[in-house]
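What follows is a set of notes on a single structure, which appears directly below.
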Amino acid sequence: MDKLKEECGVFGVYDPKGNVANTVFHALVALQHRGQESCGIAVNRDKEVYCYKGMGLVTDVFNDKKILDNLSGTMAVGHVRYSSEGTSSPANAQPLVLHYVKGNLAIAHNGGLRNTAELKKEYERTGAIYQTTSDTEIVAYTIARERINSGSIQEAVSKSMDKLKGAYSLVIMSPQKLIAARDMWGFRPLCIGKKGDAYMFASESCALDGVGADFVREIEPGEIVVIENGKLTEMKKHVGKVPTSFCIFEHIYFARPDSVFDKRTVYESRKTAGVILAEDHPAAADVVIGVPDSGVPAAVGYGKKSGIEYADGFIKSRYIGRTFIQPDQTDREWAVRMKLNPLRSNVAGKRVVVVDDSLVRGTTFAYITKMLRDAGATEVHVRIASPPFLFPCYYGTDVTSGKQLVAHSRTLEEIRKLIDADSLGYLGLERLKDLVPAEAGGFCDACFTGNFPV
Amino acid sequence: MDKLKEECGVFGVYDPKGNVANTVFHALVALQHRGQESCGIAVNRDKEVYCYKGMGLVTDVFNDKKILDNLSGTMAVGHVRYSSEGTSSPANAQPLVLHYVKGNLAIAHNGGLRNTAELKKEYERTGAIYQTTSDTEIVAYTIARERINSGSIQEAVSKSMDKLKGAYSLVIMSPQKLIAARDMWGFRPLCIGKKGDAYMFASESCALDGVGADFVREIEPGEIVVIENGKLTEMKKHVGKVPTSFCIFEHIYFARPDSVFDKRTVYESRKTAGVILAEDHPAAADVVIGVPDSGVPAAVGYGKKSGIEYADGFIKSRYIGRTFIQPDQTDREWAVRMKLNPLRSNVAGKRVVVVDDSLVRGTTFAYITKMLRDAGATEVHVRIASPPFLFPCYYGTDVTSGKQLVAHSRTLEEIRKLIDADSLGYLGLERLKDLVPAEAGGFCDACFTGNFPV
Amino acid sequence: MDKLKEECGVFGVYDPKGNVANTVFHALVALQHRGQESCGIAVNRDKEVYCYKGMGLVTDVFNDKKILDNLSGTMAVGHVRYSSEGTSSPANAQPLVLHYVKGNLAIAHNGGLRNTAELKKEYERTGAIYQTTSDTEIVAYTIARERINSGSIQEAVSKSMDKLKGAYSLVIMSPQKLIAARDMWGFRPLCIGKKGDAYMFASESCALDGVGADFVREIEPGEIVVIENGKLTEMKKHVGKVPTSFCIFEHIYFARPDSVFDKRTVYESRKTAGVILAEDHPAAADVVIGVPDSGVPAAVGYGKKSGIEYADGFIKSRYIGRTFIQPDQTDREWAVRMKLNPLRSNVAGKRVVVVDDSLVRGTTFAYITKMLRDAGATEVHVRIASPPFLFPCYYGTDVTSGKQLVAHSRTLEEIRKLIDADSLGYLGLERLKDLVPAEAGGFCDACFTGNFPV
Amino acid sequence: MDKLKEECGVFGVYDPKGNVANTVFHALVALQHRGQESCGIAVNRDKEVYCYKGMGLVTDVFNDKKILDNLSGTMAVGHVRYSSEGTSSPANAQPLVLHYVKGNLAIAHNGGLRNTAELKKEYERTGAIYQTTSDTEIVAYTIARERINSGSIQEAVSKSMDKLKGAYSLVIMSPQKLIAARDMWGFRPLCIGKKGDAYMFASESCALDGVGADFVREIEPGEIVVIENGKLTEMKKHVGKVPTSFCIFEHIYFARPDSVFDKRTVYESRKTAGVILAEDHPAAADVVIGVPDSGVPAAVGYGKKSGIEYADGFIKSRYIGRTFIQPDQTDREWAVRMKLNPLRSNVAGKRVVVVDDSLVRGTTFAYITKMLRDAGATEVHVRIASPPFLFPCYYGTDVTSGKQLVAHSRTLEEIRKLIDADSLGYLGLERLKDLVPAEAGGFCDACFTGNFPV
């Protein structure tokens, strides 16, 4: 399907009762939507680090109870990863486990740096070697180098935050400590959970639900949180240095709808987007449907606001993996058809509003309108619960060139024709602020506006 | 999850243009919900049969384009299979391909016989040997033996139908013909599709949608349909011999909601069940939710009829396969928690009606109510869109003993307490007839009533 | 390499102390040279049969201790299989496990029938269906049908031996008995072993060595041996009915050199062949070498008789499996080069006699002479320790057409030129009798003479 | 079996005609005896490096023609690896591919450093991070750091040789050059080959034979050889700085017998060891046999010198991989029995001299003498073609503690009793010099004497 790809999900746990690998396993399953290419778990047992990682889904890589049993310990970090095309490689799987001047370190990272090239060159000039192509290795070198002149690992992390420009939500495990850090712009989410005596860090609160932990709070942009000997310490030196730029696409598509940002579920944000669409782009129609799964909440909101009945419009196959074969690789229509089938009884003979969360490359939406018309829809009005996607993103997604984007060099009318819609409406740029919770700080909308925060 | 297991899905195609394996592949993916244990495709190329089958999902077994490319031909049959515990075995994967007195035969079978033991003994006494434990081998022997004194394969199938007691929807491929047959009770579905010059047989119409074919009609109970040289012939000798006993559970749970039985989508039947529940078991509540995926249509119907708002109540993980590991195999709570997470914003502080399609073993529903209460639901009213499940089924499902069933020896109040619901309402037995389309013939409700048709 | 392929090895064990699967595992490893395509073990535990089989080597298929642990029992049969091209299929893996009129049966079979087609037709006409393409299914049907009018399984086997024409060494496991049977011609070997209270049947005595059992004796052509309740019974009704036709190629190539036939190791027979070659085809040379591994014993015999020094001529790679990839499938030279490298110090500047056990298709021997010349051999005299291979074999090997055979339509001189030898000598037909032990009965030399015994 | 483990084999090729991956594949198969745990190939295509590596044998890792096809290029390095227990890990597989200040680098390394700990600390103090546990990463850091102040990669390698203390035969691929370097002690072998316009570097000459290349010469201890634009340049700055310490165990066991060191095959060295044993430890016996495969050449030499007939004493199974399961992991007897079976006809009733190349841990030899006696040997005289193994080795093998060694704290008589030999003779320390070619420089015999060169 035509979707933006998030690059990572991170998780960390400190649990004096041990059995941490099972906790990470469940958490990573709950974070699987943030990355399906590779995953890994590193545990700390008596200050030694044991790591297991592999290509594939969490339940495929950790497909034997013995693997988890071998990962006993009292601290652990976990990671799920997607990657932009061409760099899919076992070497890039995380957590990155390394040995440096102060012993072992395991790092799980979600984000993307803007000053990778400069830092890479700087370190190379004093003898660094790179064994992966991921930014995480740059993060590791920065921390390792800062550690030399720092009194503690958290001080090294703090100093590193002055050097690292861009998006990074980090969970770091040293022989003694579990550390979470979020870049000062706050691009990617990171939160704290608690269950009994155990502390946890997670990309999204749904991972805390997945392990039965309580949500404590989100980590602030620029904040460092340290767990040592069961005690949590906050470091806020970098907090408030720059305006917050939380990725608006976490609300629109990336995050799981049951996750909570700024005290509101993502589901509510998406439903609100539908409400706004109904206000700004009404349609004379008989039924509102969503493209499953991410278009559904906005469709529900559109239906509620407009008074047009909401109904399930498609059945989505639950048995298609990411890497299934297609008879003809060039024929994307089959790929869509295998995943989605219209529910005839809900669309036949009706004027249909179909809502999706975003239009990125626009390569498949024409098949969706075609299927609806084939199933008897008399009109198909397309509503997109985000503004036109116009710019590449450098903060941890896989859209690295504007040319791939359907809205990049097309008018609204051209896009409408391309996807064969009777009408097309996007969420207005000026309405984005209404979509996020009132409590939220600023957000990054560079993919819509080109205003890159770093 | 606590669900009844269907045992099979079948598909057949005759296409003079060839490329049949791709068609079967797409169709089996669409039928995957009917069986996830093993699958297979057998093709007829110049009267020779080539077969590939394996354990696992269709996209896992046929995970290389080359496998499908090697299965070129103009006729094919395909099969997906689930099996009751203990007989999971590669030897039981279908289609069953065999050589008999008139050459090759490939058989795909959905159902379960009642007179297996008698027929097995009869054939053994004249030298039969059995290499599998599936009923399909009995079907094969019956046809092979009847063929000796029959003028054609379809005559042999017809004679076999007098001997085979029970449920069987069959697709059979001989060197020259593709044959579909449905037992005279019509327990399991089977329909005809067409796309250009190609004819198809499928367990459900969703498979026809999945390959872009038009739905022609359902095959009648007792009917045999033969494709030979591109011509379709109907044989209705056994039609109307006994009252129709179409499995009511196809409507309630087995079939995909976008499939059509008796000119109506299954979605409509399920939504109707919700409407009936709202009439018969009203609740003073703030929101109606469904247990995804199969409880949703009834929840939508309940909401519509009752006027209580319908909302998404759970996020279901899309990344849990059938065979994932669990930290503790005895702890089913985690299995449920990994699959479902309540959408707090939709249930917190609310009186919730939660609708599911059925309660079979009842082993997991208590965790669902617990999760809802943990998420802030103030009351949880459970509504089940089918009557209490009381009897084992012998026609192709995996419930073979009444003792496993939660309703078997418990009162309504005992079940309500067990699952910790504030109230519990089942669909009334007498309302089943209102749930199926008016055009439908009779149905089998033996799992609720114990009235076994054969 | 250019070698004839044996089709099977069989083993059976009765051990009141249990743990039979480990015994079969070790025995099959020792018999692996008789078949590397698939293997399997079936055990009898309380009259139920449990079977595990798969494609590949014994150590690859049984690659987890748990698999063997699950196969506990007091009787077992095992099988290793090679197959002629085109019929490599999991369905053909053995033991064949089946259910018939008297319960379960497991059959392991080495050989090939001549009257397959007739029996197949006969059984089909009374309703038989075939799920494999192997003769073993015919054997199974024959026994199952004879069993109907027999008082015991051994009587059914005995009657079957009147119907089955061709080569078969069988090990059969019924609910109560372990039975070994050898066709009356005695084409393929079969012997009895004993270890404590345990009885065993094996294709070759090397399997008895492999499990630490004592060799008791060979089973006679036409003999049936039954183990029941720890007691061994002999049935000799078919013994002596026809002249013995033990496959001479078991001596020449198939059997392991440490196996014993007619009280002599196969190594001795091969060494004797070399002695005969030295007498009949002397050469003026400096060194005698063998093509490893099967040409070595004859080379040793040639050296001893001729007085020319024997030396190791090649290093054979121990890390090449049967199915490795080649850069160019048409370039057999690389395949030979990867397996063999001349030992320069033993051949450079010398006139070399190189001995191999047989020349079948002749496709690779030219590379062997080329490598020797490249390594500095001044002359290369080829001696073949068997007569020219002229006829296909129907008794359990993979040479089914004469056209593939290098000697089929070429003169000695043409072959000599083809393989670029300075001289070429074959073992004379009339000397075959001198190669087998004096105690041996007759043998089958149909591959050299065309005198087919059945 | 009770054998010392070599840790690596390396190979490099520059071929303007391309197709280098196939060449490396064949070479690595020929070098497989030097390491069976993991392997890899890195190619240079238009200055970019593409690498594929994995756990297992070369023919298992590169089991699809497509893998090699994807590795097109004009330069490549390859590696096979064994590892001491506990550090078996995909992360340690080689070649090590990295990016440093001057672009990409691929390194294949055979050996072991003595000053790993010091260098590791030195680099850590200026910010190095370690992602593997292998010495190769230290080699890489050293080169990367020296490169900063060097005019070329070969100058950096040359400077690194002043820092790296220990054993290392290296093949290094930079964007433009292929470089081979051998430590100044010359512990591990490394040689040059040529085929048409292609140049090659290999651990042993048998790899050159395996790809049809001509042996040019061995690289001298301390020498660096550079291939650039098809031209070979020699750098001898470090040559002759220290006495040569070529590992004597390469002659005794590690190298393949067809490989050439100092103009003589390893086979000849081993045969010579047998001759010496016959002189120093004669026996009154009827037959001499070797323990296959490595004991055979010395047995041949013993037979020749003593006049006692040499004969094949064991059949070695060719189908046992490294990682087969054993019924009882503590029962080593079965492991030996599965690999070796005595050839009764050659030992029964005879006084046997059995020769092996070395006795390391001594855990299995008792089973060998037992098998010989069970097969009828009347006396068993053990001769070992090397001195008592007394000290651990730090230059690239897996014996890291003296306690594991059978000779470490036992008298000759105690060992004789332990292995149940009638007599036992080791090669004398003072005879080692007679075993290597006259042309050879000095050798390292630290495992026998404790005189460690570095």
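Every chain is named by a letter (A, B, C and D) in the order it is written, and numbering of its residues begins at 1.
Here is the rule we use: contacts are C-beta pairs under 8 Å (C-beta built on N, C-alpha and C of every residue); 3 or more make two chains touch, one makes a residue touch a chain.
Not measured: the values here are computed from a predicted model.
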Seminar exercise, completed: For chain A and chain C, the touch-path distance in steps comes out at 2
Problem set entry | Intercentroid distance (Cα basis), chain D paired with chain B, Å | 60
Problem set entry | Inter-chain centre distance, chain B versus chain C - centres from mean C-alpha coordinates, in Å | 49
For this session: Could you please state the distance in Å, as a whole number, between where the Cα atoms of chain A are centred and where those of chain B are centred?
Result: 36
Problem set entry | Multi-chain contact sites of chain A, meaning residues that touch two or more partners | none
Exercise. Taking chains as nodes and touches as edges, what kind of graph is this: line, ring, star, complete or other?
Worked result: ring
Problem set entry | Residue ranges of chain B in contact with chain A within the complex | 19, 22, 25-26, 29-30, 32-33, 36, 57-60, 62-65, 68, 206, 209-210, 212, 256-258, 260, 264-265, 267-268, 293, 296-297, 300, 311-312, 315, 317-321, 323-325, 327, 334, 337-338, 341-346
Problem set entry | Residue numbers on chain D that touch chain A, as the complex places them | 90, 96-101, 105, 123-131, 137, 140-141, 144-145, 148
